Structures are given as structure tokens and as C-alpha cells.
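We call the chains A, B, C, D and E, going by the order they appear; numbering starts again at 1 in every chain.
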């Protein structure tokens, strides 16, 4: 017969509320990202680069630039952030923090959602701000900028979240990698197509609500469904 | 023996004191030269027969532009010395160059494009020299970014030294870009080796004195920043305490 | 008496075509330590991961407080702490920051408690440096601090003395003794005898 | 007095010739890549998406498309290989193989050159094949494709090798992605300019040798100089 | 007698503002082992990395065969083997593949020799599986196999017995004895006494 358990060991000793746990994870990821001064501006620099490279590449006749640059610039940037997704969970899986998430007694879904939010704040949000600027720099009319902003913002939300599923899947996977990165496309290609269209329409001054609504639908789908799927995938890949 | 001065320059305390004494001299010489240059350039010398008054921006543009290259060379040489002979002070010098180089380059770009407005009818053109000057700016920024990103000073020093040395290749490219590509930009009219400059003396003198004014200004700034760098790097060393007490 | 009982019945697990766990069963009550030994590759790590539900179990069941853990996995996890071969730390965060999120994620914890826990494991100035710059043993010590901060009844430890100097190894023993005398349980995978005194120590040897 | 050293321990016991050592490293990297086809195809998929989405992003009139096709091909190629560069040395640094390279007694330069070659085979070569295809899809004439192929091939060699310097410099840095692309910009820009020019001339049926020669010069510079710089940087960041 | 001598004089190294190595000097000849102990964070790993030229040395010199290693770093490296806290293996390659490139990169090696080396360290069917799927101790054993295949005179080992079961720890001791009786040298960082017999064992304790 063993000694009775003292307070600290009794079940249901004060547990951290789910929301606070998620906030802690979010805070952690942001802190990791901004560990060093200057990383804050990095997405912006990246954008500046893409924006300067493109005019360099094509014969810089302003007329053509206006037509093509904005779309390409942010499509490329969104894709860059999408590729960043593949490494969303890699590091955590490697150093064992993901395991600790899984046995923390907190809902893994919530914690992963927090990670996705962090990812969006770090990649999507800057894009949403820079997107309009670059479009403008490449000659899009002022009136188009709100449209560009909205489409990039909503589109990047959808990408960050839907992309997290693929990220979780590619965690465990070594052999059937091709299949999976292809599986990843169905999520992302529609986002990119609608996003590009919305931007284009905004620049041309046409009504772009339809495209943005489609993006919004995908974003909502992502927020509600993706973390669940990601959590399931992560648990499997940890085994 | 001949190498003692070299070793002296390797010792932080010596360099710190040296810098302290030299700084005012550099500052005053810079002030004098630049004063003459500005007056001579903006007031005395005649308006250009084809460019009118607009050309006077030359007295700011050309020197800053030259300096942007000089500063990078200084940075690269200091880095190389530091890597080869393991001299901490040289690392400090290189570190001090980064921000100033960026500033000079930015000024060259700004004044240049300002001048481009009236001269070429456009403020910005994807002209080789302009592109590579822009690249130079990015190089300086990258250098500073890398420094900020590596937290251990000693490692940051040596990593950045490698970067600086490798990047020096862009300097000749900028300098000769005007010959290699038929470009909008002026070909060298002062810096031509051999043949005598294609520029009236009344314009040349102020221009040169502006240039050397900038050189000394850079020197003064460099020495000041160098002292700050040394203070922060050697904070644990004993000689610092003496300095602070004094 | 407390109903802190960890049980396992007929655990089977295959990896590839290798039958790693072949019908493992165990029962451990509050105040007891299970010392898990076995040659390299015998399945110690696997067993620990199965017990805390990280590894998928083909056959058998794990019980906690008498009920199957599957019925209430979150509740079970809230009462256990698992530390594997590598300390679960973010290399770019300091020891403080690591603990405040790792522990804080699970239970409210004050800065003061973190500090005292770090003191206990002998952390000096290095508690404020990125974990990346810590030595192997210092990292392990941070994990130990986290373990004691979590103050959960069930510990699952995989070679906790790795990289620790003699003082550190003693620290682990003392921590284990204190934990179980407080009524806790611990399953510890090791390659040497745990030198714990004054507590009931069960031994299990996994044959490979 | 210690026992005399037996054959195996005597200095200069049979050493692997430098070339063979490099071949082994090359073989290892290729094998690893094919173990993880997922990451292998990432740059290609990225490239494909950018290139195919691009016509969607603009009003797809062939006429304009042809004009800007070179820009598309090159921006896509650049982003793809830049993104891949970030992971050139990461894993080796993490699992300690890079350390073993450094103390192997073989010239680190040679081994890193081998890694760069592998990197080019895995990212550059596929791009060199995809480039002409996209150009053609965007309406470039058949006759132009060889030119496009050569320019992308040579250009990507320059990118892979010169890029390895930046990758080595940013080894010690977290989330180095953008810092890396900033450090790489200085040579990225010229490669882009000449590459796009060559491609364009090829499409217009003009003589493009001059531009390709410039690309070649940069590629040679990369092959000769980059591995040295990379080796120096790696040694420093291992400390 | 062979001129296999590893020497170090007045090694100084700072990390951040911490003076880690404070004037370390040592001399080790063929046929001798240097057992390096010290509390966690004392600087054992740092010293090993300095000795093999991986860490940047502010002051002091390392000598091999009587000459400064800087004068011929490649030659020095060709004669040493360094195994750190983690076995340097690619997780996605099998033990065989790992060894054939790691060792083959440095000296010609036949498949047969690799096989026999793997046998020596007790590898069974797992030699053909990706290292990722191996247990901690199995990984360590692969590294040991590599060490013996390299057959270089100078070994620099950082806690080589980590994760090894008792049999494995014995294996390390035997390997060390065989190595030095063949005339080799070894600097070994450990937290326990190396139980080597019949060889000269020097001890160095780093104070933190």
C-alpha cells in the first residue's frame, strides 16, 4: 500500500485552459521567428526582390508590366510561402516538441491551429500588405489596391491552413513523397487560380467579389477542417 | 623592426588611442576641403555650356558614388587582413564600414536618379551601372543583415569577412560597366587612367576637393565608429576600465 | 490508498516484419518504480512510447486508474510526463523560455517556480542562453527541470541519465526517490542499475 | 616507449583519391534525393505552377505571352532554385555529416563542389528541360527551344554554384530563407538579365551567343570560385 | 619508436564572454589513452573539437607528430577520427550505405570489410534498414563500426558509450584496448571510469 498522493499529484490539478495553451504556442512560434532583429522585415525584402526581378526579366515596357507583373509577383510570393509550409512541422518533429504537444493533454488540433495562425502572421500577413504595394509599383491603379489586398489576404489564409494538411502528411512520409506533394496541389491550385483572377479583375476594375467569395469559402473550410486533419496526420506520423 | 607597426595596429588599446587622436584632424580637414569644394562648385565655377545649372549636382553625386566603391574596397581589404592574420581590430574596421557604405551608396543612387530626371528625362532606368550600384547597396544591406543574424560576434566577424571578400568582384564591374555596355551613364571623365581628364580645371578642382573631403569625412566617421566597436567588443578587457576611468 | 495504477496487458507491436513487443504485461502502483532494461534494440523506447500512446498498438491495452486509456486519452496525458532520448527543447529559445511554454502549455506556472526548478538542476548563468549553445548535459538538466515542474504522477523516462556527470546522475536518483515517495510512479529505461533507496523497485528485462 | 605503429596506422595508408571521394558524396546525395522524391519534385512542381498559372494571371493573348514568356521562365527558375538552395547544407550540418566532411582529410572544397553538382542535377537540370516546354506552351516557336534550353541550363549552373556561397554563409542562421535570397541577389540579377535576354533573343530568332557567353563566364566563375568560398564559410559556421 | 604524438600547448577559447578553455596543455603518445572528465559544461566537447580543428582557437597550438597541425591540416585529419555526441549518420541511408560513403570517402574499403565490421558491433538484420528506424544504441554501434573501419591512429571520442547496453560498453572498452595496443592514441570524454586494462591511461579533469 503506497502513500496517498499529495495535492500536486491528484488528478485535475490546475490545468492550463485550451485557449491559453494555444496562445503560448503561438507566442512561442512568433518569438522563434523574431528571435533576431531584422527577421521582421525579411518577407518584405523578399517581396521587394521578386518585384524588382520580374521587370528585369521582361523587356521593361511599362504597358506589359501593368498587365502581367502584379499577378505573377504575388502568385510567386504566395507559392514561396506555400513551399515554406512544407517545413511547418519539420523542426518541431525533429526536436521532439511535436511529441510533447501530442502528450500534453491539450487538444492537438488547437495547438496546430495556433501554429498555422503563426505561420499566416509570418508569411500571409506581410504578403497581404506588400501585395498591393508591388502591384501599385508595377503600375496598377490606386483603385485596384483594396481588391488586391483582400484577395491576397484571404487567399493566403486558405493556403496557410489547407497547406498545413500537406505539411502534416509529408512529415511521416519518405517513400511516397511524389504522390503526396501531388496530393497537395488540389488544395492549392484553385486558391492560386481564383486569387490570380481576383487580382486581375481588381486591376482591370471589374467586379471581383465572386472570386474573393470562393477564396473565402476555401479559407473557412481551412480554418474549420484543416487542423483536425493535420492533427490526425501528425499523430500517425509520430508513431 | 619593420613589422612592429603592423603588430601595434593589431592591439585594440593602441588603435583606440590612435583613433582618438586622429579623429579631430580628419574632421577639420574634411570640413575645409568640402567647404572649398561646395563654394567652388556651386558658386564660382561656370554653368555647364550644355547642361546649364543642373550639372552642379555632379559635385555631390560623383564623390558619393566614388566613395560607395572606395568604402567597399576598404571593407573587403580589412576583412581579408583580418582573416589572414587573425587581427581582431581589422574585423572591427570592417564592421564599422557596413552602415556607412550603405549610406554612401544610397546617396549615390538618390543623387544619380535626381540628376537623371533632367538629364535623361527619367529618374530610373535599368542601365547596367545603375543596376550594379543597386546591387552594391543590396550587398551592403546583406552584409549588415548577416551580421545581425549571427549572434556570436566572433563567428559573425569571420562569416561576414568571407562575404565581403567574395563580393568585392562587383566593384570593377560597376567601374567598367560604362565601357562594357553601351549605357546611358557617363563614361569616366575624371577617373580615366593615362589620358588627361576631359573637364575644365575650374570644375575639376572643386570636384576633386569634394572627393577628398568625403574621403576624410569617411575617415573621421570610421574612426569614431571603430572606437565604439572596440569598446563594445573588448568590454571584458582590462584596458577598457582604464579608458572609462580616464 | 490512491488508485494511481498503470497497467498493461498483452502488448504486441510489430515494426516492419519484426515482432518488437511480444505480449508485454505489467502493473505498477503509486510509490513504485519500474526499471526497464534490455539489450540495444530490445524495445524499451518502443514500450515507453506505447505506454504513453505515442506508438500505435496492434494488440493489448494500457490501463490508467483501472480504466483503458483510450477511453480518456487527454485525461491520461494530463497526468503523465514523457522524456525521450533527446530533451524536447527548442534550440533557439533559452532554458527559461523553453520551460515557460512547455510546462505552461500544460499547467499554470510562475516565473519564480521556473527559477527555483532551474536552481535545483544546477543551472547558473546559462539559463538565459539559447539552448543551442548549451552543453549536452546542460540540455538534459533543463529537461529534468521541466519534468519536476510538470509535477504529474506518472513519469516515463528514456535513459534520463544520458550525458549527465556523476552529480547529475545522483540528481536523477534523488528526483526519482522524491517523486515516488510523494506517491508517484515512474517507468525508467536504463542500461545500469538505478541506485534508488527506500522505494519499491520492480525490474523488467526485455529480451530482444 | 610505445609499440611501433602497424601498417594500418602508418601515415599515408591508402587514401581515397579526391575524385573518388567527390563521386561518393555525389552518389550519396542523389541516392538521398531519390529516397525522398517529395522534396525532389518540389522545385519542378513550383516551376510548373508558376509557369502554368501565369497565363491565367494575365489575359491569355498569345501575342503578349510570347513577349513576356522569357520573364516567366526565368523568374520561375530563379525562385525555384533559390528556394531549393536554402536546404543545400542544412541537413548535413544538422546530422553531423558536414563535420565529418571537414575532418575527412579530403579537400572540403571538392566535397562541396560534388554537393553543388548534385544540387544542379536535381534542380537545374530538370528546369533546363522544363524551360523550353513552358516557353513553347507560352507560344514560343519550335526553333527557339534549343536557345532557351542552353540559356536555362548554363544559367542554372551559375545559380547553383554561386548560390552555394550564400547557403554556406547562412548555415548558422534560422529561417535564413530571405537573408539567403538577399545575399544571392548580386549574382541572381545578372544571371536573370543575361538569361532573359538570351531566351528572348532565341525566341525572336536573333543571335543569342553573346548573352549565353556571359552566362557561361558566370558559370565558370561559380565552378572555380564558389566552392572555395563555400568551404571557408562552412568551416567557420561549424565552429 | 613511432613518432605518433598529439600535443597541445596553452589552449585558450572563449564562448560569448565565457572563458571555456583556460590554458589547456597536454601530450599523448602512441599506445596511450587520455580519459577526459569534468562536470557538465566543463568544456570536454569543446576541447575535442579544438583538438581536431573544428573549433576556432584564439590562443595556443595543437601539434601532431611534433609539428603544428595548421601547417598540414589535411594530413592531420587523414589520421584522426572524431565521433561527437551524435553518431554522424544519414537517417535515410542504411547502415551499409552510411559506412560505405563515410569510410569510403576517406579510404578504400571493400563490402566484405564493412560487413565484418558490422558483425563485430553485433549488427544483425538491421544493417539493411534506414538508420532512421534503428534504436539509439544500434545507431551508436554503426558509428563504432565506422570508427574501426577508418583505422586511423588518433581517435577523438565524445562519450562513446552513450545509449549502449552493457555488452556495447564492454565492446567500446575492448576496441579502445585493441586500438592503443596496436599503437594508436585515443582522447575519450566520459563521465565514468574507462575500465581499460593493460594500457597506459592518463586522466585529465576539466574544471568548469
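Keep in mind that, in the parts below, contacts are C-beta pairs under 8 Å (C-beta built on N, C-alpha and C of every residue); 3 or more make two chains touch, one makes a residue touch a chain.
This one's a predicted model, so the numbers in the text were calculated from it and none came from an experiment.
Separation of subunit D from subunit E in touch steps, taking the shortest path, is 1. Here the chain at the heart of the shown protein, by mean C-alpha position, is D. The chain pair B-E and the chain pair B-D differ in C-beta contact count, and the higher one is B-D.
Comparing mean CA positions across the assembly, the chain most remote from subunit C is B. Averaged Cα coordinates give subunit A a centre that lies 44 Å from the centre of subunit E.
With each centre defined as the average position of its C-alpha atoms, the distance from subunit A to subunit D rounds to 26 Å.
One simple way to say how far apart two chains are is to compare their mean CA positions; for subunit B and subunit C this gives 59 Å. Shared interface positions of subunit A, i.e. residues touching 2 or more other chains, are given as 32, 35-36, 39, 56, 174. Counting only residues that touch two or more partner chains, subunit B has 131, 145, 149, 151, 155, 158.
Counting partner chains per residue, subunit C shows two or more touched chains at residues 92, 130.
The touching residues of subunit D, counted against subunit E in their complex, run 1-6, 8-9, 11-16, 20-21, 24-25, 27-28, 31-32, 35-36, 95-97, 99-107, 111, 236, 238-239. Residues 165, 169-170, 172-173, 176, 179, 182-183, 185-186, 189, 193, 225, 229, 232-233, 236-237, 239 of subunit D touch subunit B in their complex.
Across the complex, subunit D meets subunit A through its residues 35-42, 45-46, 49-50, 53-54, 56-59, 64, 67-68, 70-72, 74-76, 78-79, 83, 94, 173-175, 177-179, 181-182, 185, 188-189, 192-193, 196, 200.
Those residues of subunit E that touch subunit C in the complex are listed here as 15-16, 18, 37-41, 45, 85, 122, 125-126, 129, 133-138, 140-141, 159, 162-169, 191-192. For subunit E in complex with subunit B, the touching residues are 14-17, 56.
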